[in-house]
Each structure stands twice: as C-alpha cells, then as structure tokens.
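The next part holds the structures, each set out as structure tokens.
You will see chain A twice below: alongside chain B first, and alongside chain C after that.
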Partner chain A sequence: MSAELFSVFYQFADVFAFLILSAAGLAIVFGMMGVINMAHGEFIMCGAYVTVGLVKLGVPLALAQGLAAVTAGLIGVAVEYLIVRRLYKRPLDSLLATWGLSLIVTQSMLLIVGSSITGIGTPEGSFAIGGYTFSTYRLVLFACAVAVLIGLYITFMKTRFGVIARATMQNAAMAKALGARTGRIYAISFGIGAGLAGLCGALYAPTMTLIRWAQRLWWKVSSPSWSAAPMSCSAPRRPP
Partner chain B sequence: MFKLLDGPQTLGRGRTFWSCFLAVLAAALIYPVFADSYDVGNFSYFLIWVFMALGLCLMWGYGGMLSFGQTFFFGISGYAYGVLAINMGGGTATIAALVLSVIIAMIAAGILGYFMIWGGISGIFFGIVTLSATLVLAFFLGQTAGPEWHIGTARLNGFNGMKGMDPLTIGDFYIEGSALYYVMVALIVIVYIALRMLVNSRIGNVIVATRENPQRAEMLGYDVRKYQLLTFVIGSGLAGLSGALYTSWGQFITPSSIGLPAAAMPIVWVAFSGRSDLTATLVGSFLLLFGFQTITVYSQQAALVLMGTLLLATVMLAPQGFVLGVGKLVVDRWTRRRRGDANSAVAETGRLQSDEA
Partner chain C sequence: MKSGHLLRTAVFGVALGTAAFGVARAAEPPLKVGLLEDVSGDLAFMGMPKLHGSQLAVEEINKSGGILGRQIELIHLDPQGDNARYQEFARRLLSRDKVDVLIGGITSASREAVRPIIDRTTTPYFYTNQYEGGVCDASMISMGAVPEQQFSTLIPWMVEKFGKKVYVIAADYNFGQISAEWNRKIMKDLGGEVVGEEFIPLGVSQFAQTIQNIQKAKPDWLLTINVGAAQDSFFEQAAAAKLNLPMGSSIKVMLGFEHKRFKPPALNNMHATANWFEEIDTPEANDFKKRWHAKFPDELYINDMGYNAYNALYMYKTLVEKAKSTKLEDMRKVIATGDACIDAPEGKVCIDPKSQHTSHRMRLISVGPQHEVTVEKDYGTIKPYWLGDIGCDLTKKNDKDQYTPSHLPNKS
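For the complex of A and B:
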C-alpha cells in the first residue's frame, strides 16, 4: 500500500519538478517584468547543451550543471542589454524580436550541431520501495525545484535586492528617483530568469535525448498541453 | 468610388504612383511570355501567400490586432477545399469548392473573432489566443492518420497530409501554369484595389481610429467591436483564400503548413515589409518569398536563420518596416519639389506608429 502511495507521490514530484524548473524563469521574465520572451526555450536549450558539452570534456556533472546555469544567465544579461532593454515600452515588438532570436538560435544549432547528439546518461542510483524501483535522480530534481522556489522567495521577498527589484517592476521611474539603478536591476532580473531556464535545461539534460524539444517548451509551459512534455523524458518510470 | 483609391490611409497617390502600378502590372502580365513555365509556376506559388500577408496587414497594421492565426484559417480553408473538391468531384465544382472553403474560413473567423472581441481580448492576448487555436488545429490534424478520420471520401491522413483533390478546373480545362498565374495576378489586383478602397472608406477610417484608441472611437459613437470583427473576418478570409489556392496549386496540404514555423512566416513578411501600408506589404512579401525560396533551395535552416535575423533587425532598426522605410526614402528624394507635403505625410505615419506602441 505504502509503495503505491509513494508511487503516486513520485509521479507528482516528477511533474511538479519539471513544471517548476521550466516555468520559474518565466515567472520572473514574464510574470514580473512583463516581457514575453519567446526565446525562453533557447535558454533551456543553452543550459542543456553546455551541460552535455562540459560533461563530455570530463567536468563533473554537478559542476557542469552549475556552470551551464551561469552561462545561460550571462547570455540572458547580454540579451537584455542588447535587445530587450530597448523594447520595454513595445511589448509586441519584444515578442517579435525574441521570436526572431529563437529562430536564429534553434536553426543555427541545427546547422552547427545537427539534429541529434549523443546524450549523457542519467546518474546511476535507485532505491526500492515495495515491489517498485525508483530513480534517485528524479527525487534530486524534486529537491532542486523546491530549493529554487524557496531561493526565489527569499531573493525577492527578504533581501534588499528583492525589494528594489519589485519596486522597479512596479514603478521604474519612481524607483529610479529614489536612487535604484533600474537598468542594472532589469538586467539582473532577466539574467536570473534566463539562468533558471538554463538550470532547467542543465538538470534535465542527463534524462533526455537532446533534440529540439526545448524550443517548444514555452508553449508547453504556458498552455494546458504541457502534459506532453514530461512524457518525452526517456528515463524509466516505475519499472515493474 | 474610385476616389477611394487614394486617401490618407494608403501611401502612394497621384499619377506617378499609378503609372508605376500599371507598369509593374504590365510587366507581370507579359512575364510568362519570356519566362519558362517552371519560373511561372514558382511565381504563382509566391503570389498565393500574398493574400495572407495582405489580410494580416489589414488586421495588424490598420486594425491593430496582431493575429498569429493566419495559418489557422489557411489550414481550415485548405483542408475544406480538399474535402469539398474530393467529395463534389472534379471539374467546375472545384470553383465552388474554392468559394465555399473561403466562406468556411470566414465563418470560423466570425465565430473565433466573436468570442475574442466580445470577450474583450486585446493586445498581446489576442496573439496568444489565435496562436493557441492554430497549434490546436495543427496538433489535431497531426493525429488524424487513422482510416477512421475521413470526411465523406476524403481521408485526412495526419502528418502525411491530404492529397488527391483536383486543381481548379473549368469544364475540362485545368487552371495551371500560365493560366493559374494570370488568375493569381487578377485576384491580387482585385484584392489590393478592394482593400485600398476599404481602408480609405468611412469603414477604414473607423478601423484606424479603433487602432489608435478604441475608447475614443467608442466615445465617438462607433461600436468598435463590429468593426474589429469585420476586420478580423476579412483578414482571415484572405488567409483562407491563400489556403484554398495553395491546396489547389499543389493538390496537397499537410498540418505542417499550419504549425508554429509556418504561423511565424506571415508575421515576418508583414513586419519586414511595413505593416502600416498595403503597398509595402504587397511588395515586401513578394520580395521576401522570392528571396526565401532562392535560399531554401540550398538550406532550409539557413533560410530560417535569415528570417529570424530579418525579424530581429526589423524590430531593432526599422520598427516601421524596411520596405516602407526604403520606399519613403525613395519617394522623398523623388519629389523634392513637394518636400513639405511628403515630409508631413511621413511625420503623420510616424506619429501613428508611436501611438500604437
């Protein structure tokens, strides 16, 4: 009985982790900053590709994942500085510009890397409850998702940066008048969003075959059809 | 009636512009005499998409409604043409199938538009809802592979696409090659002239007024929702015309001509061309399709990268559109004598754009 219960929880945790990790960045970029970032999936893709690349170079997985998230975050800051910054007052145009960026990045990756590269295996480790075996890595993902949620809450609700960031999103002119460096705040917030997207890609990179799944993610996250996404995870779920 | 051809909502007026128009039209008409039939077929193919671009230009540039759903109505009409043409048999019935499928697309636009516009959806969410509808249709048609998915004798065939319908036919005469090309050119001219008249008429003024400020237009006593719905139905109907023509051109349609990459295309064309003017959209879409086709022969990925770059560059460097900007520059140089006149026109359009943003 407890095995069945745990199995239900395990599946819940699996879907929960995927949704939170893939949508957390969007919550900042779209939810707080109001920027429709069609290139969100590309940041996820960036995280995944950097992770795979680094692991193949011999970097330990956890370190590679951290570096991948940081890379995505830095690229996010650059994108904000070069593109999104000029379009805050033209939301439709920011949608078009990021869509253009998304087309460029996805198709360039297809040209450069090809439509498939060999993945890296899911970290070993499983445990058994009752008659079922579960993968430990899925629980690690769940823990990461919870940690991201708590971290975000603390960052934006309990720190000085969070207060200034929220003030900037609410009324940039007033925050600026009070001495906040709004430009920097915007850039950092966008960077955090992109970094979280990269983290999602990095964490899920070992569990998936890297195909162009990331580009469609934005719609899976933002529309009810998301249930198709976790199905594409190739790691064994609930093996008998 | 013909007074409406020139007006405040369209750029290009007077004898010079219409002389150029007639010259281009004449060149288009004698083109098949000099070109080989393969190129003529290709040109017809480019012209198919121009209707869709003009429809989006009307909705987005004039009406201020960014619809991502052009391929939604393209798909509805394209599949409708296939189903009707197969079920009604070939021959002259294909003409009826063409007309009916466009009407079906317009009815669909009326239903979707009614719920969106009366539901108060505007701005970005208009785009999101229309794109969602598009993706739903694309995914739905993608899973119709089984033999149980058929309408009459027409199999939908899922991702493999529907095929086997007749091209446009009158009696025993298949409209293809040069004949199809001339039909396309005639349709383009009719649609272009009709849209010009529409946007310069009273209705067009209300549509533009709604784009500028819906509340103000409403306060002036217009039921803006009706005008928005009219714009949406006409614009989507033009996408439907593209769809039906596309299916009859290739006797083939697949869900991939509805899905996300396809849905992006009309927006790229119109944004690049200059969404606030019909002529710019007409010229720009054609040029872009021509360029895209030329590059796609070598690499589809490279062509899409180029599309993305164009979209990005347009938004960052020329928010009004490249063709429109270049066109204005040329016209400015050309008519230095009437400089004050031209400048005021440019300044006016610039202001409208900034208001919209």
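For the complex of A and C:
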C-alpha cells in the first residue's frame, strides 16, 4: 500500500517538476512582463546543450548545470537589450521577432551540431519500494522545482529588487519618475526568465534524448492539448 | 546580293540545327529522382542517413555512367516530419518537377499520406523503411523489412529465451498500432500473453508513469516500438529507474542507433532482427561502410534506412536497365519475372513479384552492457511471403490497400 502511495506521489512530483521548471521562466517573461517569448524553448535548448558540452569537457555535472543556467540568463539579457526592448509597445511584433529568433537558432543548431548527439546519462542512484524501483535523480528534480518556486517568491516579494521590479511592471512611467532604472529592471527580469529556462534544459539534459526538442516543449506548454497528455507536457503540433 | 544573303542564312541555319541536334544526342536529359526525407524535426536523426545514402548512390551511379547512359538528378525536399508537407511536396515533385521516380518517407503515416497521390500518377514510388507490412499497391516498391522478416523471427526467440509475458510500448499511429497487432497475433500463436500495451503520442518524452505501469504488470520482456527522438527518452529514464528488463524491437539499434546515442548501459539487453546494421562484418559490408564514411566522415551510424535508401537507387537502376524503360508498367514486367535482384552489401536481395516487397537476409542482434552488438542468430534470406499468402498478387490485380492480420483481402 505504501508503495502504491509513494508511486502516486513520485509521479505527481515528476510531472510537477517538469511543468514548474519548464514554465517558471515563462511565468516571469509572459506573466510579469507581458512579452510572449516564442524563443523560450531555445533558452531551454541552450541550457541543455551547454550542460552536455561542459560535461563532455570534464566539468562536474552540477557545476555544468549552474554554468548553463547562467549562460542562458546572460544570453537572455542580450536578447532583451537587442530585440525585445524595442518592441515592448508592440506585443504582436515581439511575438513575431522572438519566433523568428527561435527558427534561426533551431535551424542553426541543426546545421552546427547535427541531428543527433550522444547523451551524458542520468546520474546513478535508484531505490526500491515494494515492487517499484525509482530514479533518485527524479526527486532531485522535484527538489529543484520547489527551490525555484521558493527562490522566485523571495526574490520578487521580499527583496528591494522585487519591489522595484513589480512597481516597474505595474506602472513603468511612475516607477521611472520615482528613480527606478526600469530599463535595467526589464533586462534583469528577462534574464532571470531565460536563466530559469536554461536551468530547466540543464536539469533535464541528462534524462532525455538530446535533440532540438526544446521548442516543442513550448508548443506543449502553450497549446491546450497538453492537458490531454499530462505526462508529456507536450503534444506534437500536428498529429503525425 | 539578296539571294547570297539568303543562302548564307540557310547554310548557317542548317549548321546550327545539326550542332544543336548533336548536343542533344551527347547529353540526354538527366533522370529526375524525387526524394522526400526529413532532415529537420523529431525524426531528423533518421532522415539524415537516408539523404546521405541516396546522395552516395547517385554519386556512384553517375560516376559509372548513369542509368541507360543518363545521369541522375536528385531533387530532395525536407518535409520536416509534417504529413501535410509530405503531400504538398509529393504533388510538387510529381506534377511540377515531373520526377521519373519518387523515393522516401519515414513514418508509415507519411507513406500513407502520399500513396494515394502517387496512385493517381504512373510514377513508381520506392518506400525505403522497414515497416508494419501489408501494403499491396502496384505503384509502391518496398525496400525495407516487414513483420514476417522481423517479428516472426524475433518474437518466438524472445519468448523462448525470456518468457511468455510481454509488455508493449508503441508509438500511437499506424506503425505502432499495426505492429502491436502483429505482436498480439504471434504471441497468441505461441501461447504467450500480452500483459500490457501502451500507445504513446509522438513527441512525448516523460515516462515515469509508463515505467511504473510496467513494473506493476511484471512482464518477462518489453517490446519497444516507440518512435522518434522524444520517445527514445524512455530508455534513459528506464535505465535510471533500474527497470532492467530484456527488450525486443523491430526499429531499435539498426534504425535508431540508440546504442550510439545513449550512454551505456541504457540499451543493455536490447534485441532486434535486421537486414542491415553497421556492425555487419562481411567484405561487401565493410567496403560499403568505407565508401560511406569516406563521403560522410561525421556520420554517427549508417542505419538500415540509409542503407535501404542507397539500395533503392541501385534497384531502380537495375529495373530500368532490364526494362530499357523508365515506365512503371515496363519495370513491373521485370518484377513479374522474379528476376529483379541486386547484389546489396547484405547479399543478394530480390523483389517479390506478388507483393513488390524485398527479400532480406535477416540476423538477430543483441546489445550488451557496453553497448557492443553481437549477432545471436542468422536466419538466412527470408522472402516477404505474407502478402502473397493472404491473396495479394500484384501481377494480377492492384489492390491499392494496406492489409493487417485483422484486415485481410476479401476472398473472391
């Protein structure tokens, strides 16, 4: 009985982690900033590829994952500065611009990295309860998802940066009048969103086939059909 | 003066005409080969070797003088794993480019999407994958292996070696559904039991629930006919959860080269029956591999689809040269003689006149803990007999249908 209960919890934790980690960045960029970032999946992909690349160079996995998230975050700041910043007042154009970015990045990666790449393997560790065996790494992912939620809450609700960020999102002109550097706030917020996407890619890189799957993730999260396939968090764009 | 000018013009005109005629004789228009293969999207890792195999064959054939003295022009379009694009591009190749032959398609869904379009033309179509079998269509020539070559060998072997209880993980489209039907039929004949079947939408990448369903059902072995890069994540996740069950498949290793894409031991204890895998060690196979890797040094693995795509062009060359024509009906007369054979890297393969499917030398392979591949059993050449047995005879009647164990031709 306890094995069954744990099995249910484990599956809940698994889906919870996948949804939270893949959508946390989106929650900031879309939920707070109102920018529909069609290139969200590409930041996930960036995190995954940087992680795999670093691990293959001999960097320990955890460090590689941290560096991957930071890399994605920095690229996010650059994207905000170069593209998104110019389009805050034109939400549909920002959608188009980030979609174009997504296409360029995806196809470039296909040309540069090729269509398949050897995986790095999930970290060892499993445990058994009753007749079931479980991968320990999946619980690490759950812990990371919870940590991300707590971290976001503290950052945006309990810090000075969070107060200014929320003020900027609510009324940028007023915040600016009161001395907030709104441009920088936008860049940092977008960077945090991108960094969280990169973290998702970094954390899931060892557990999945590495392809440019990430943009599909965005389709899954965004399309209503994911609720029909909750395990996947992703439905193909068209039924094959 | 005026007449002199006229005469000169006439002489010049005749000379020009002769010259143009001479040029036309020297260089006949090339044969157009239309190729539809995904080189982007979820299946790109399989489609890339198919494109490469076609390019290699075209290069070799052109170097050795072409087909009936005509060079081959390869026109490749990338449908990106999208069946609507498959249809659009098939129409484009058939009606705008007017290709002499159409080759390609990865999923069975894409094949069934373009087949009705091809059936309305007189263009021959080569499907170069292994698949779930059963297509009885005069326009289509199948180069890959089919269930009587793959499942009728693999499943009895798995049952004997590991036990009578199987759990099936299949991709949820015609390939997975019909393959699962084949498994049910063969397991029933063997007195085995299918303790679970799961059909997974393409693109799904998270398998915690599936893994626990399997552990609950306690099968002796798994039949894994999941498709695409996303679904292949199952292997990594099952290995991390220490599922440790023997696995069998008609598409893993030789087709998806999972043993090269995943870190050992994720594919440990996987078994498959194949007409081609890169580890085949014969002089012909080694020579083929050498030529391939010389042209494509970065190829991770020469998979069976790429290999079949390569053979398809040589089979086309053989058919056209024996028929002395590029017309489908003339080529089919050659097939009807039973003499449509090529010396492929796996050995001699022939097209069966009744079903227009290809005979293959089948081997059963296993993957070890370090992802080393060993040949467990050599079945010799197996003909694609099933369609002929159930009453498909393309030399007499064009059914244009796909049969399965539960959908047989009407007896008439």
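Basically, the second predicted complex is superposed on the first by the 225 of 240 C-alpha atoms of A that agree within 3 Å, B and C clash if a C-alpha of one lies under 4 Å from a C-alpha of the other, contacts with A are read in each partner's own complex, and residues count from 1 in each chain.
In the analysis below, a contact is a pair of C-beta atoms (placed from the backbone, for glycine too) under 8 Å apart; a residue touches a chain by one contact, two chains touch by 3 or more.
As the structure is a computational prediction, the values presented were derived from the model and not from experiment.
When the two complexes are overlaid on their common chain A, residue A:180 makes contact with neither chain B nor chain C.
Touch criterion met: A:103 reaches chain B, while chain C stays clear of it. By the touch criterion stated above, A:27 is placed in contact with neither chain B nor chain C.
The partner of chain A that touches more of its residues, comparing chain B with chain C, is C.
Legend: residue contacts after superposition of the two complexes on their common chain; A:78 is shown touching neither chain B nor chain C. Residue contacts after overlaying the shared chain place A:70 against neither chain B nor chain C. In the superposition on chain A, the residues of chain A contacting both chain B and chain C are 107, 110, 216. Contacts from chain C toward chain A in the complex involve residues 39-40, 42, 44-45, 47-48, 81-84, 107, 109-110, 173, 201-210, 212, 215-216, 218, 229-230, 232-233, 236-237, 239-243, 257, 260-263, 266, 298, 300. Contact residues on chain B toward chain A in their complex (touch as defined above): 66, 123-124, 127, 132, 135, 139, 260, 264, 267-268, 271, 299, 301-302, 304-305, 307-316, 319, 357. Of all residues in chain A, only 7, 10-11, 14-15, 18, 107, 110, 114-122, 126, 128, 131-135, 137-138, 206-209, 211, 213, 216, 220, 229, 231-240 touch chain C in the complex they form.
Here chain A touches chain B in the complex through residues 36, 83, 86-87, 89-93, 95-97, 99-105, 107-108, 110-111, 216, 219, 223, 225, going by the rule given at the top.
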